[in-house]
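Next up: the structures, one after another.
In what comes next, subunit A is part of two complexes: it sits with subunit B in the first one and with subunit C in the second one.
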Partner chain A sequence: MAQANSNKPNVTQKQFFLGVFLIPFLALLTALAAGAVVMLAFGDDPILAYQGLFQGAFGSGRAWSVTIRKMIPFILTGLSVAVAFKAGLFNIGASGQFVMGSVCSVAIGIHFEGLPMIIHLPLAILSGMLGGMIWGAIPGLLKVTTGAHEVIVTIMMNYLASLFAGWTVYAGGTQGQTPGPLWDRTARAISETPDVFDSAQIPWLFGPPYRVHYGVFLALIAVVVVWWLIYKTTIGFEIRTVGQNPKAARYAGIRVEKTVVLTMGLAGALAGLAGTIEALGLNHKFAPEFGGQVGFDGITVALLGQTHPFGVVIASFLIGALDAGAAKMQFESGVAADIIQVIQALVLAFVAAPLIIKALFRLRSSDDEKHATKLNTSWGGS
Partner chain B sequence: MTFWSRTAKISVSLALIMIVMAILVEITILGENPWMRVFFGVSALNFTLRAAIPLVLGALSGILCERSGIINIGIEGMMLAGAFAGFVAKSSTNDWPLYASLLFSVLVALGVGGLMGLLHGLFSIRFRMDQIISGTVIIILAAGLSSYLYDRDAISAGKFTPIPIPLLSEIPVIGPVIFNNAPITYVALLLVLIVHIAIFHTRWGLRTRAVGEHPRAADTEGINVNRQRYFNTMLGGMLAGLAGGFLVLEAVGQFQEGMTAGRGFISLAAMIFGNWTPFGALGAATLFGYTQALQNEFLLAGVTTIPRQFVSMLPYIVTIVAVSGLVGRVRPPAAIGKSYDTEGNK
Partner chain C sequence: MPTQRISWLSLLWLSSVFLLLAVTSLPAAPIKVGLVTDVGRVNDRSFNQSAWEGVELAKSNLGLGDRDIKYIETQDAKDYADNLAQFIEAEYQVIVTVGFALGDATVKAAKENPDTLFIGVDQFQGETLPNLAGLIFHEDQSGFLAGVLAAGMTKSGTIAAVLGTDLIPPVVAFNEGYIAGAKSVNPKIKVISTYHPGEISQAFVDPEWGAATAKQAMDQGADVIFGAGGLTGNGALQEVASQKGMYCIGVDADQWFTVPAAHPCLISSAMKLITPAVADLIGQAQAGTFEGGNVFGAAGLAPFHDFDGAVPQPLKNLLKAAKAGLDSGIIKTGYGN
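== the complex of A and B ==
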């Protein structure tokens, strides 16, 4: 939505407010209400659940620290999906890029003992970003060279990433299969890497129990850099032009192919950075179970944030809070934490279809086409 | 021309080669080579078919939607919803006679799949949501709801068992592979033929294709474009639901969270690989199913020289190769992904 109206000169103040703030806000509210209806329908108590959710997200200093910590990967995967959206590409591959980021950064982090932090940490971070970048650029490359649609390729790349990552930390099998190269020999049958050296860990902001680390600043820096890149540079202009009208972009002399590969690489690097920061800042190692839903969450965050870098930060805060409060909610009210995923799907639905929200709240319907997020959707070449 | 499209030809020849090889392995000295057994044994072919059935159904689901101009990347979600619904229905009717309970569960899976299809239609037609995002919503919604509602103590007792077809099942190799299967498998194979005939030889099919290729022209001819699309996405949802039902009620016999494991996406690739034709999709699904069978056979044969993770990558790599290797040779319906309204601004 923002991709269409953010620099249209003739958008009135009111329409801008409607599109950028009111609709996401109402979407979130409606999704929470609809989530409550689902809970009621299946015999759960929504008030108790939402109380627990709020407690878990904002109830204490500890809760706030969890919310902030959860925001970090959402910001970066959200940015990843948002950047791709800008070029009309749909990156469902953030999960795989995240995993590759984790593995590649940990691979550097568990080697090179004794390297000073000022070299070791940046090296590990760059390695993770590179891993994600390659994983993102491959679907872009296949799209421009063969016409393979990025939606299918990125999804397949997700499965490949998790299998590859699983192999790197594989503990070996009972039938004498060789263990993976990053496996921690002292972990016996557990498939995981050893801890990364202190010199490659992102330090804590405060001491325990607040597990917030400096990664949050890295994420915010990424936000500003992406904003600058998209709105203030030629590359960003090219990305947005390709997203709005690839044919016109080609006529204007923009090398669409290059832009597509670049955008996917950038998206991959951002999701890779998310995985890197989670690995070096929080888990300090890699195990196959780290990763999970982040990719799909990134889609929700990107659309809730109206595909604008600053919007993504606000959206990550909200989705991060939902995620942070989920455990407490389940503990306090007995409502399965999976309801959060349902609510997220509803948020996504309401944000992506402003017509629903407009119909619900009887808002004046104007310029629907401009407000809807549109991708370059065609399976074939083009 | 549509029947013998290039991809259909390729896939049918591949299938023929496999069957011939399997017969050779079964009756000649080739069978003494363990590798030959891994690649072409009857068990590999059996597994291929079993892995291919949900992919075929998913691909047919995609064909029904996309031929009418609606992109359906939500197959994965519709499948999962169908699987979960089938499981809930089965586990709550365990005390019914087995077949009554199973049939009821299949109907529920079909129904819930159809509802998911309708939801996709509602999002993308009525509310003009981007169709790819709508599909994503379906996927996340199905995953979330099925985990939220999953009762880990519930069990579904019993599943469909093979019904050998008299005489035909006696044929060596072909008999045990094709004519000794459980009901949904037969139905799925029949559906390939039915959908083929329906799309290319009935009035409904002509309308579907008209709506998917040139909605304005179809509208001028008096076809209700959006009604046709609603109907097709609902049917498509039902087929994806049936695929989910197959997983729970025929293949596994239980529900696991996220049990579709990417099958919906692979069926999407099968649909593209098969150039939006049912028989092409059958061939592609068989190919993808074969890669999964190989993975299984490798494990059974105790092959340890290649790490099992790399063997498991096969289906996904083949999918990528398949969708990348076909530029310009496949052609999606022209009006795909575009919403349509009668006032006409697009």
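== the complex of A and C ==
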């Protein structure tokens, strides 16, 4: 409905609000209720658990800082997946693009000592985005040149990225093998890069113990830029047209091949930026355990956010809060933190079936049918 | 804009500090012990579980209440610091962190909170902090004994190891010790060692790969297989158990108890005795004799259980001699020096 909103001015504000803001919340509430039933079935106390969850996400300054920190990569990988959806492409590769972003930004960040921050930091960020962009554009290029499906290729590129990243920091010394080019020589047998220089670190907003950094603003800027690009520019119009009907787009004179590669490149750059921000803002280095799980979570976020940039922010906030509260929930109630993943999966199930949510809450809108089929057309369109 | 936010947040912070002060002015309670797992569950039949059992053992040793010990299962490697902070904010006196990967976060927390005691399981300490004990093990020695056992039991002259990632030093130590131990018995022995090729988040949770790799090694003639790498290694043990006439060796804990499905093949396990070591350290914290730095826990082979009759007496003597030699430093495994 978000994309219908910009195409057809007759769609009301109310429907936009319904789609982008209300449905994610209702899906979350329903999933929380279902999660409570699961907890009761296992003899746990859901009220105690959800109190802990809420405290862990919003109960203190540090709790808020964790929620916001968790949001940042979700926003960007969510945008990455959402942008690809707009062109009818399913980007499962945000994970690999995230990892490439981390590695490429850190590669710049651990070199060039003495550069002023005003040059070093943007250079590292651009390097990370470029790494992600190339990693995203390759599946797009393979799709238009050979017809290889982007789902298969991006999944394979995820493995390539994680193995490549592992090699770059490979310690190897203990076995007399060649270490990776980015490995920290002072780390002995540990496979990780050195810390990036201060001049390439995204500064803290408040400083520890609040581990929130200025990357949050980069993420929000990206949201606005993507929204503007998708809904206010010719390129965005072409992306959306290709997503809705590639044949019609071709007849209309849109170069579908170029648009596909461009969209995948853009999606890759966004996921790469996520990896960059996590590496330069939070971890200050790359190690294999900082993998790209958040790239897969981007799929959940994009769907929950109805593939709209603003919806992605809402979805990231909700998913981030769930993640942030998980530890406190377990601490307070003893309920396994895994239940959070059950709840997130339920959220996704409820969002992927918006009719269930609407039926449950008796929401009506004039074009239910279109709402129900929208997600299908936007990823199976080609 | 930022300055406004800071003042707003600092107000919140101050009020929560006051709240905490109000809570802590209550009479002193017995020590509270928190545990942060590495990514994974507390009942993983491996590290996390052994460490948590150590906390539970300390609870009964020291007469603590059920509410005095708690754990948080880490979901994401980026959350180590925040999960530690949960216990620090709740004023726990002792915090146990499990696994090599939590090393950095634990050192940072120990520096920022000098009044809290930390126990880092499997964490080597480069510098000594008075409030942080790194509980480490000579995995290479434990692996050496497993290698001696394997070389003594093989009939084909080929043995194998199915391992978690070589990105983690203790895994490499197990393997290097295993090879050295096997070669000390039979210099011509063939050892097929295979590390999981994936990233850390996959390397220890991939029983299918472990089973397939064990099968491959057996196809190549191996008849004793050492499975070292969490669930991945357990997958190897179970695969070996399904074949006749094969032996397997477990890792970390006595896997006779943790992987019953491996009973048909499990002759022993290359153990790190995490549970008693963690309980000891918590006891020292209670008694006020806690010291920081590296603390070596006991490493050795688990009992042979049902295979006690199958292991010949000369081999048992050889193992005893090897253990004594390793303890006294006469035998070197060749790892790390």
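We take it that the second predicted complex is superposed on the first by the 339 of 382 C-alpha atoms of A that agree within 3 Å, B and C clash if a C-alpha of one lies under 4 Å from a C-alpha of the other, contacts with A are read in each partner's own complex, and residues count from 1 in each chain.
Everything that follows uses one rule, which is that a contact is a pair of C-beta atoms (placed from the backbone, for glycine too) under 8 Å apart; a residue touches a chain by one contact, two chains touch by 3 or more.
For clarity, every value in this text was computed on a predicted model and none was experimentally measured.
When the two complexes are overlaid on their common chain A, residue A:134 makes contact with neither subunit B nor subunit C. Once chain A of one complex is fitted onto chain A of the other, the partner contacts of A:348 are limited to subunit B, with no touch recorded for subunit C. Shared-chain residue A:191: touches subunit C; no touch with subunit B.
Taking subunit B and subunit C in turn and counting the residues of subunit A each one touches, the greater count comes from B. Once the two complexes are overlaid on the shared chain, A:166 sits against subunit B and subunit C alike.
With both structures placed on the common chain, the touch criterion links A:336 to subunit B and to subunit C. Of the two partner chains, subunit B is the only one that A:90 touches; subunit C does not reach it. Shared interface residues of subunit A, touching subunit B in one complex and subunit C in the other, are 163, 166, 170, 175, 336, 338, 340-341. Looking at the complex, you find that subunit C touches subunit A at residues 2, 5-6, 9-10, 12-13, 16, 39, 41, 70-79, 81-83, 85-87, 89-90, 101, 112, 166-167, 169, 172, 176, 197-201, 335-336. Within the complex formed with subunit A, the residues of subunit B that make contact are 71, 73, 123, 126-134, 136-137, 139-141, 143-145, 147-149, 262, 265, 268-269, 272, 302, 304, 307-310, 312-313, 316-317, 319-320, 323-328, 330-332, 336-337, 345. Of all residues in subunit A, only 56, 60-62, 64, 66, 162-163, 165-166, 170-172, 174-175, 188-191, 205-206, 208-211, 278, 282-283, 288-291, 293, 323-324, 326-328, 330-331, 334, 336-338, 340-341 touch subunit C in the complex they form. Subunit A makes touch with subunit B in their complex at residues 38, 42, 90, 92, 142, 145-149, 151-153, 155-157, 159-160, 163-164, 166-167, 170, 173, 175-178, 180, 296, 299-300, 303, 336, 338-346, 348-349, 352-353, 355-356, 368-369, 372-375, 377-381.
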